[in-house]
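Each of the next two complexes has subunit A plus one more chain, namely subunit B in the first and subunit C in the second.
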Partner chain A sequence: MAASTVDGEVEVFTLPFKKSRNLKLRSVWGMGKELYMFQSQIPHKEREESQRSFSESNIFDVQWNAEMHDIARKLVNETHNIFVILQGQVKSLSQSILYSQLRKASKQYRAVLKACSMELMQIADSCTDESKKLKYEEHIQEFEMIQLIWSLCEILFIDVAPGGLVLTSLLDWLQWHFQEGKQLATKVIHSDQPCEHPQYWEAIYRLLLQGDTENVRKLLALNVFSHSDSFIAVDEVLKKMPRWTYQHAQSVAEYEMKWRHWREECVRRYEAGQFAAYPELETIVQVLCGDEAVFKDLKDCCETWYHLLVSKLLYQNPTCRIQDLTYEIKPCQAVFSNSSPQIQELDNILQAALEFDLHQVIKDSCTFLSNRSWWFVSHLADILHHCGQLDPQELPFGSNLREYLLLEYATSLMAHKSLYQVGIDYLDFCPVFGRSYIEAYVERIPLETERKAHKILHICLERDLLVQAQSICKVMGMKCLKQERFGSALSWFLKSKDATVIKQVTDRFLNEYCEEGKFSHLDLIDHLGPSMLITNSLTFLAKYREFHTFYNNGDVKGAVNLLLSLISSRLAPKFFWMTMLMDALPLLNLPEVVFNVSQTYELLHCLEELQRDGTSNYKNLKETEIEKLKLLRIALTRNLANAILQERSVRTVSIS
Partner chain B sequence: MASVINSVDTAHEDMIHDAQLDYYGTKLATCSSDRSIRIFDVTNGQQTLITQLRGHEGPVWQLSWAHPMFGNMLASCGYDRKVIIWKETNGVWGKLYEYTQHDSSVNSVSFAPHEYGLMLACGSSDGSISVITNAGDGSWDSKKINNAHTIGCNAVSWAPATAPNSLFDSQSVQQGLVKRFVSGGCDFLVKIWVEDNGQWIEEQKLEGHSDWVRDVAWAQSIGLPKSIIASCSQDCRVIIWTNDGVSNSWTSKILHKFDDVVWHVSWSTTGNILAVSGGDNKVTLWKENLESQWVCISDIHKGHGTIGERPSSG
Partner chain C sequence: MTDISVKFVSKKISKIRWRPKSDVKSAPSTIFVTGSWDDQQNTICVWDLRDRIAASDDRDDEISALDHEPQKTFEMPYAGDVLDLQYLSSNTFAVASSTGAVTVLKHLSSSQTLAHLCTWDKHHQFKTDSPAACTCLAPRGDEWIATGGEDGQIVIVALEQRQPVQTLDKADSCTINDLTFLKQSEILSVNSFGQLKTFDLRQDPKQHAQIFSVTENHTPLLCLDKHPGQAHIVATGGEDGMLTIWDLRQEKFPMTLLEAHTGAMWEVKFHPHNPNHLFTCSDDGSLWHWDGSSTDAVSSFTGTKGKKHSI
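Showing the complex of A and B:
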């Protein structure tokens, strides 16, 4: 592994602040890759008010590695699906089936990338704002480079041809990424006099160098001299050119023999001067013969050293193995010199790939292509990792390269207002740090709406993040409580199972009942179920409500017993005792005696305790309520008398 | 590639000393030499002034947000020796509590992890550190560590509530969270304080700096059983202190020697990127690379940069 895997040059970003000796630049972290920057004064040891220096009062919100997410949301979203499905397959599939899925996923990623790139081209075309257009074009260029690297890596590491015969795939790669020849051919064909077109021969050479002999023949057929002997001869050798395909069950040796015969024929005919009448045809046959010099002459039709490399292999060594590629790099690069520095970066990455130095590929791609997003490196590394091409060993930071890159990508998604969900899904597949990252981030996602809060709560519960779930419920409950939405507050607090805050709400409910004589959240209270056991205050609320139900249904005995046990349990807050005693009043006034002696004493005790306490609730009673209390006392006394009579228990009472 | 997403004009009449984002990054509080605190709503790339808080009688140095489960609550400290806790009730911000037990400028204030309830630490130029707690019934209690740092304490920062070595033992997390924080002062020292039976005790004295320690920051421990603290000083150095979560010893590593005084250090949410703010008009970002070396990954500095607008594909 290279000395430093993903260290690049330090990126410098400049903010429009004034420079001053008395000022410093400060930062505050936002979510993920986001900083708020502002200018502040350099403190003096004495902390005195120093000479004033003008400072900027602006604070700048700076984000990085996130630029692509808005431009290519589709890319982020669609590749997210591919990624998640693939991770599932990694877990469940056997090795051999998995490989075919990995190949498929790699192609899917590339397809989405291509689609996004094309969509961006359309947007750029119709964009009138020059600076925006420039941005789009930068992105398109980057997408094109990514595609070029990815498809080469796919050929070399992911979808490796059987027997290591790599040329057919490399030709596809050329034809896919170098379309100049095809475009030129179309232009030529559609011109009035194709063979008079100034680029007629260039188009032919370009197609020939990509092995597209079909179209070369079509173009040659358009020539006015196409019926001359030389043209017919060229057409013959082009037609005869042997092709390597996996489909036909031909062996490599068989193919090699065919090819050698064909090439001998080309050389023979060339030496016999069959094409001498037309220098352009001679050039074509020289290419077919694999003549070293002619490739140098045609280098402009290849554009790059790697195109030249594939073209030369096609005509010089068509059965080359994947390992042979390395030796061809230097000679081909030598043909091209002085290219621009940006191209240099891309060249280095492709060279590293052809040299099978995957870590260099990833390292250089990180430096060169991860400025706008870590999308590319993280997804490519994931596939390579599962293909067994990356060193799976743990690095000093605590996990492997795949996880390192996925963490970068996920982190850059976290600051986004809606893509955070995608980020979390990626973190799910980071075995060492993923969970802790989710824990750190999930509590910091703004809970603007109930819906979003539920969504985030769901994220927590799915992952068994109970501490975070509890915190979210508590935050939401407190918010509702502040807005006096007690029902919602209680349902949030029930989820967080926090007794102290639940009591705050149940007290509000009881208060409300004292004031208005009814509960506003009956369905919630009626459906507490087992959650009423979370805390005493809830148990009381539910049981008190049950008392109402008994009473309304005419179950006097049930009502009386429950009310008494509620009163004697002392579960209710003091301010509510009066209400419960008042609830006893209609029961006391029933024609039959429903409270026996000891039960009546219980009620009396409660009344006494309340009066002795002199709680503010009692003191502040209104006239009507004091009147009611008097009635209660009378009713209790009368009931006691009746009960004693009924039970004939006067003696026992006098003894005790 | 970085880009400016938004810029907030705070309209403070004097120097800004601190800016703090609330837990969700949706509210930005700023404080200034103009003695005021301003709170902005910064959601969705816009900025709306929510309120302006006045109550300090001198420059306001630092701010800290409480966890949202306590409602919207902010603590501030300043030159007037005061620590003020502000709270929003029914959309109106007001003073909830004022702490005036320091004899000199209060330089740093920091709310503890929410697991400990409402609790905050503050460090003062009088050399002491106070830990203020709310019992839950509305009453406030405070404990003062006198002579924590001779000449003065410049910064305090809490350890995350998940004790690193309890990572594999979730039982102990619930039962006994050990409360710790780190402080830095004019005695060139970095000190770690631990609560033991309700008392704050000096647990570690980390020597490494050769001038005033200006800021300390305890990183979130993410996935690994180790603790990491960053400290910066007028000696132009940033030191990374590491504890393996098993032993009681801390090892130090100089992150970098800068050309100028280093004023502030702060960790990203996941504790893996350190932002360093120096007197050289720069904020640099540092990250441990795959070989455990601290490397500078980005550099943001003052100058006449351009603010590019990010285009989008809709």
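Showing the complex of A and C:
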């Protein structure tokens, strides 16, 4: 099944753009199923017209396949929970226990769906805005259809009755989804004269067609003539109707025999004319006999062909198996001729299900039911896949059907401001493409606050996405740098462990020192600890601060040695050498000689190198700096002289 | 193992707080307030634990609070993410926003709604004048509120005044993640560089009183709480899930380091009456109860896969 066959209706969005000759529409991808649309000017190739900027320019954020996620957010969250637990169980449990868990999960999904549907109905009732109300009602209708399809699929594919005898489950399905019979019956019972109620017989027929003989008998008992022979006879027959339940340990053959026996009795009684007095009773018994013609007459009580199908089977062939269902479809459909196009779609899906064509079911559901959300098809496909019902064959797309659908669902979640976390969880369970999708998306989630950045980092680290984690740290750091928060920038860059970006921050610190004469973020710099060894620039910064500390404490020797080692190691950036040499000046001017000959030569060497470098030429320096350089040279030369004298002279020790 | 009641609320909740009792003798509070984050439109909601609709009147045994399901009684939209929420008194509480604003709201007793008392906009700003998120709040009594933000400033405001009482604008080089009042004029804060700092409000703001560091990795510290009785004992939680207990009388290093969670620890709280007990909640979805008398974690409640933000 090619991926290109899963194409939906074309969705049309109307956007309020001003039409203009110079403006065209452009777009940029957002996250997932999201496009940003905006207008921009068509560049003029011939002459350079001054670009007239138009006053209003809007950017429109267009999202699709995600309408349901805001309205029924609870559905997304609760089913996410169920989904994740299920995937965990798939990995760990054995086949037989897994099977019961899959059934449970399917029921849980349906329960959540029902709860959301009811909540939505409450909201729609209390809503005053007409357009919103309409929207809610569309959603409710869609939920109804989804519940119908899902429960049928559960009966046919997931929770298959042993031996393939599906009739009981199908009857339950009918009773659950077609409630009009019960509602009518309640109405009738509560009226004054039940048997005079215009819909009395209709209620009875509806209940009969759903196999609800208990309530039929109750209604019949309310009739004025319930003591007449015909009524009593009908009551008897209804009471004796054999029902197939799992509790009775009867075999299929036994049940079938009982049922045939019972039906023969019905036919006998009917032909004996026991019910001739009351035509409605005759209709009832005809139904019990499984007469073809009467079902056609009662088609209005069935409303749909699938209801008719199940009803007919109940009275004609109650031990039918799943495979037998297909034969009945065409005749039942023929009875109901016209229906609106929307119902047509639903019919197609149900027909495909009854014909056991699972792929057609999924394909049609994708086309028809995924405009608002891919929720339904993806979750259903997941369960069917784990039941082994879905063909695990690879599509030309590159992965199997289940993964394709899960990817669609997860992608539509990513565009939501808040549900991206749920989307990522779903992508975790897509073995082929999931990881690459996560890698692409996680870097593009907007990071507004630090807390969000921490959370997304945690997501990356949980999944070993180290490259992305590093990139996020760098992005946060650059943001901080732009806002001139050097401290925060440094802490983010340290996390990313990237030397180049750390150097940017340390260069800014050093610049600040050059300009203002002091460091601003001492609480950070003094407490770097072992992380200063991450890059050279940090080490330099920390050591330079240490030099200051030595100097302030009066430890001249330590200060001198440190300064020299810093200068000779050439760790410092070029613009800072001047400052360091100037730091040496007060030390040179001390009364005693602290720099020995080789150290002084070292300083001179550094000075020469600095001057040879074009940036510190005499032409570029200011007055004060030229002054300073002169002082430095004088001090150095003097120091050299003193140092040579000191080292080369022989100390005479007088012995007395 | 106690019962846990779960309710899906369709919003990511960042802070949840019980409303304090108005006086000591009244029944335990059934009202709590939640603030949401990371959504198109964030909200602050007031919830009440009401009886479940199913009749449980015929039960003679005590109905524990957990049998009730919280009902939303009021919802109010809020600009930006709610980053912190603290009660100032039994009626009023302050909310810190990611837009840099601080808002004080009040419970109206007549209706179950909230009224807006005052807002300080742009409470925290970066040097480039763009708004900085206000990350934490600490009340002192019901008059003063100290707030810290991503700009590294600590600002102290009094309820009735527009201008701040005091601003420590170079308080921190990194983002301040949580703070609390140690004494009347001393503040304790933790930041993203893994440091715990004390500030004395009476002294020159350019000096910090003390700086403490956890480990050398500089993992951000995310939350802190002080011991209710002994003010020199403080507990902090970090991004690596480590719980640290400090003795502020000692210099520089913490007293105890406990490896706890596998995810970031977002909140830590001492039990107000029984300080031997400590609670921590974290990103890995679990809530841990620590018993100081035996120095082991007594019990851990693991929630669903959702991440826990606040206690």
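Note that in this section the second predicted complex is superposed on the first by the 448 of 656 C-alpha atoms of A that agree within 3 Å, B and C clash if a C-alpha of one lies under 4 Å from a C-alpha of the other, contacts with A are read in each partner's own complex, and residues count from 1 in each chain.
One rule holds in what follows: contacts are C-beta pairs under 8 Å (C-beta built on N, C-alpha and C of every residue); 3 or more make two chains touch, one makes a residue touch a chain.
Quantities reported herein were computed from a predicted structural model and do not represent experimental measurements.
> A:372 in the overlay: touching subunit B, subunit C, both, or neither? Say first, second, both or neither.
Only subunit B; A:372 stays clear of subunit C.
> Using the touch definition from the top, say if A:452 reaches subunit B (first), subunit C (second), both or neither.
Touch partner of A:452: subunit C, not subunit B.
> Does the superposition put A:74 against subunit B (first), subunit C (second), both, or neither?
Both partners, subunit B and subunit C.
> Can A:16 be said to touch subunit B (first), subunit C (second), both, or neither?
Once the two structures are laid over each other on A, A:16 reaches subunit B alone.
> Which partner does A:500 contact after superposing on A: first (subunit B), second (subunit C), both, neither?
After superposition on chain A, A:500 lies in contact with subunit B alone.
> May I ask you to decide whether A:523 touches subunit B, subunit C, both, or neither, giving the answer as first, second, both or neither?
So A:523 only meets subunit C here.
> Check the residue A:417 against both partner chains and state whether it touches subunit B (first), subunit C (second), both, or neither.
Both partners, subunit B and subunit C.
> In the superposed arrangement, does subunit B or subunit C reach more residues of subunit A?
B
> Given the touch rule stated above, what does A:485 touch, subunit B (first), subunit C (second), both, or neither?
Once the two structures are laid over each other on A, A:485 reaches subunit C alone.
> For A:84, using the defined touch cut-off, is the partner it touches subunit B, subunit C, both, or neither? Pick first, second, both or neither.
A:84 sits against subunit C, while subunit B stays out of touch.
> Overlap of the subunit B and subunit C footprints on subunit A, residue-wise?
73-74, 417, 448, 482
> Which residues of subunit C touch subunit A in the complex?
8, 10-12, 14, 37-40, 81, 83, 98, 126-128, 130, 132-133, 135, 150-152, 170, 172-175, 192-193, 195, 197, 208, 211, 213, 216-218, 220, 222, 239, 263-264, 283, 304-305, 307
> Show me the residue ranges of subunit B that touch subunit A in the complex, using the header's touch definition.
So the residues of subunit B touching subunit A come out as 1-12, 14-21, 23-26, 28, 30, 33, 42-45, 59, 67-71, 79, 89-90, 105, 107, 114, 125, 136, 212, 220, 222-224, 261, 263-264, 266-271, 275, 277-279, 281-284, 288-293, 295-313.
> Give every residue of subunit A touching subunit B within the complex, in rising order.
Result: residues 3-8, 10-19, 23-32, 34-43, 45, 47, 49, 52-53, 55, 57-65, 67, 70-74, 119-120, 123, 129, 131-132, 135-136, 371-372, 395-398, 401, 404, 411, 414-415, 417, 432-433, 435-437, 440-441, 443-448, 471, 474-475, 478, 482, 500 of subunit A touch subunit B.
> Quick one: which bits of subunit A touch subunit C in the complex? Just the residue numbers, please.
73-74, 77-78, 81, 84, 417-418, 425, 448-452, 454-455, 458, 482-488, 490-491, 494, 520-521, 523-524, 527, 529-531
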